[in-house]
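Next come two complexes built around chain A: one with chain B, the other with chain C.
And then the complex of A and B:
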């Protein structure tokens, strides 16, 4: 019985991990760029959420909306002011640029907020629970999984059915050809980065509500996002979701056996998958 | 870069002959090796640090600038090399200086072992993949008592040796490392393997079509660079006598390597020399400012990418056509 509870908790956490991976995977899918600063932006979003939390008393979860909007704007600015200027066939400048931004963000947060561990207050939601078949689960973790699922479905739908979404998909396929159709691919990139950061920011705030964070948490977040994308299979939407669930379950089960292990078992599962299924879950299904 | 552009540019570049370059390296090494006659222990310690950090940066440059393999996990090999040397020396009582080649082989072997796995990842994914391995190593070492867990271990063997001799030996090891990472890498880059590395970096398909085995070329590049990085890691921690997982497997090592290489100029041998000088000047100047100093390193990386992605030496080379360590070869 205890195992069912453990695995369920892993799945709840995995939904969030999937959401972190979605931001990274989406940027890569559209622009073939990996934003190394993603993990630190996630932590920055949690700090913004912490600052805005007093403004939404009673409905703690609503704070994700303003944070997502701010993150979207930051994403627009980041892409248009910095990353667009180093686009090119050579990927090294883009990777190094975002790495530099990550270092600035991380140490800036240490400077301003200190290195202490914090958590975003959620009021009565923190300890609320419900029971199914004699097992008790937290309301917040379950809600978080539902939010993650909804965001995955919404993005999936939006990319297929809206004009902007289709433009993004077309740009991802061939950024040179879409220019013939009057699309400014740099503008599309701005919006894509905005969306990616907004998604990651939501995940960051929710992670900050479920657990704790420090300015140094960005590295772990980035590695999780990266593992989710590779486990799922690069470019696969629902593969990423499954990747998140696998990592979440592995981590919670691993911590049960070995409380000091941290993310180690998640990393090991990631490498096992990389050896035995290098194209990820999506690659396995396609075969 | 196409062949046409190389030949046109090469005619403008002034580069001294390889013999002159190697002679210059030899003279510089002799001066450095004789320096203990004039310097005190504190100065020697600083020079050891400068030379080993330079070696870290140069191995990163060999990977990112010449092999087209950017890795954010090179601190893995610093830790592996250092732990290999400490553990074997402490268990067997062996003289750690004789174990330096073992540290090299251990790190190079580890790189060879993980290559089949991490070479499945490309570009940024490769960079982060190695980083994950470094994280795994750090978490594993922190948990194991026989590796000293989180509190680490001290090097026992050098305690009973003559301290002046140990300091001098450490210093000469660092000087040798500096020579390997300039003259040695220069020779490597003008060899068949070096030219193959650059060819693969510039155009994988063209290199493969010319008969270069892309996978094995990358493999040798990765193993050599990681092996030397591990050797430098062992030398660095041998000179500070103490080792702990949080410091040895610290991702900030990569931040330092990256700063030095890209500020100086990625893909040039001169770049990291210049970058190391700038890094240590900045560090001395900003000592005690803590995080502001790291933020400045990040900002410098961002600014370099926006203004001159080839770094300071890249800009100098383009503007004045000067090149000291030229790995180019002119067609007769």
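And then the complex of A and C:
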């Protein structure tokens, strides 16, 4: 019985990991850009969430909405003012640029907030639990999984059925041809980065509610994001979700065996997938 | 004044010069073919006109305005679009969504989804099929349909017969009658000289980045054309 509870907790955590990967995967899928600063943006969003938390007393989760909006605007500015200037066949300038932004963000946060470990207060939600068939689960982790699932589904639906979504998909397929149809691909990129950062910001706030963070947590978050995207298979939406679940379950089950292991078992699974199925879960299914 | 006028166009890829002071003109309502061997600079020319290629010198005038340095999406919004070489459909979108992308900027005109389905009835049944699953001929129809959905004033077509069976090529070329009727000016790039001469009222032949021959195809002899095409002397 205890194992069912453990695996369920792994799935709850995995939903959040999937969400952490989504921003990175979306950015790469649409623009073929790797945003090295993604992890630090996730942490920055948690700090913004911490600052705004007193504004939503009683309904702690609502704070994700203003944080997501702020992150969207930051994404628009980041892409239009900086990243669009270094786009081209060469990937290196863009990697260096986002690497630099990551360093500035991290040190800026240390300067501003100090290096202490923080957590976003969630009031009574923190310890609330529910029971199913004699097993007890936390309400917050379960809600986080539901939110992640809803965001995946909503993005998937929006990309397929809205006009802007279609334009984003088409631009991802061929950014030259969309220009022949009157689409300014740079504008599409601005919006895509806005969406990617908004999704990352939601993940950051939820992570900051479930656990703790410091200005240095960004590297771990980025690593999780990379692992989720690669386990899932680059460019695959639900593969990424599965990737998150696999990582979450391995980590929680691993901790049960070996309480001092931390993220190690997740990294081992990632490593094995990299060796035996380099195209990820989506690649395995396609075979 | 011609709808499209090009003077002294030069395009560079690094140190390599692909076009050497090329000039040509397309009148409103006219269909012009550009022929030439592989590497003559045909595709480079179209990329330069549409704004996808930015490393260029010279003057490109479209509808009276200088568009030499204009961004590609703004040129498209002004009514010039291209059916790119290799069709280049959006592989993750359905046939209908590919066509809809053509209509995304909302230029008014006769070309709507029903009009495209009337032009290529085969596409109607395939509307929900993923574009990557179509045959080459069907893909070419979608690519032409997508370009027409922008309601262009000038339509550039890059090698639409490439890799297709003769019967399919015939079917596809038949659509240009309706396209011309709707008042669209057309520039066809072709390796297939017979097709190019039959479809157009004026032909330019490119050789190594220059115009080697220009004229009404009915007044040009096959001999002249082949000399201009291959860069050999004309045999009397």
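To be clear about the criterion, the second predicted complex is superposed on the first by the 287 of 287 C-alpha atoms of A that agree within 3 Å, B and C clash if a C-alpha of one lies under 4 Å from a C-alpha of the other, contacts with A are read in each partner's own complex, and residues count from 1 in each chain.
The rule is short, and it goes like this: a contact is a pair of C-beta atoms (placed from the backbone, for glycine too) under 8 Å apart; a residue touches a chain by one contact, two chains touch by 3 or more.
Please read these numbers as outputs of a predicted model, since none were measured by experiment.
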| item | value |
| --- | --- |
| Partner chain(s) touched by A:182 [first = chain B, second = chain C, both, neither] | second |
| Partner chain(s) touched by A:54 [first = chain B, second = chain C, both, neither] | neither |
| Of chain C and chain B, partner touching more chain A residues | B |
| First, second, both or neither for A:259, with chain B first and chain C second | neither |
| Partner chain in contact with A:170 - chain B first, chain C second, else both or neither | second |
| Chain B versus chain C as contact partner of A:134, first or second or both or neither | neither |
| Partner chain A, residues of chain C touching it in the complex | 50-52, 71-73, 76-77, 81-82, 84, 88, 90-93, 97-98, 100-102, 104-105, 107, 146-147, 150 |
| Chain B residues touching chain A - in the complex, by the definition given at the top | 64, 70, 72, 117, 120-121, 123-125, 127-129, 131-133, 135-136, 139-140, 143, 251, 255, 258, 262, 266, 290-292, 294-295, 297-302, 305-306, 309 |
| Chain A residues within the chain C interface of the complex | 163, 166-167, 169-170, 172-174, 176-185 |
| Interface residues, chain A side, partner chain B - complex | 28, 33-34, 36, 82, 85-86, 91-93, 95-97, 99-104, 106-108, 110-111, 219, 222-223, 226-227, 230, 234, 260-264, 267-268, 270-271, 274-275, 278 |
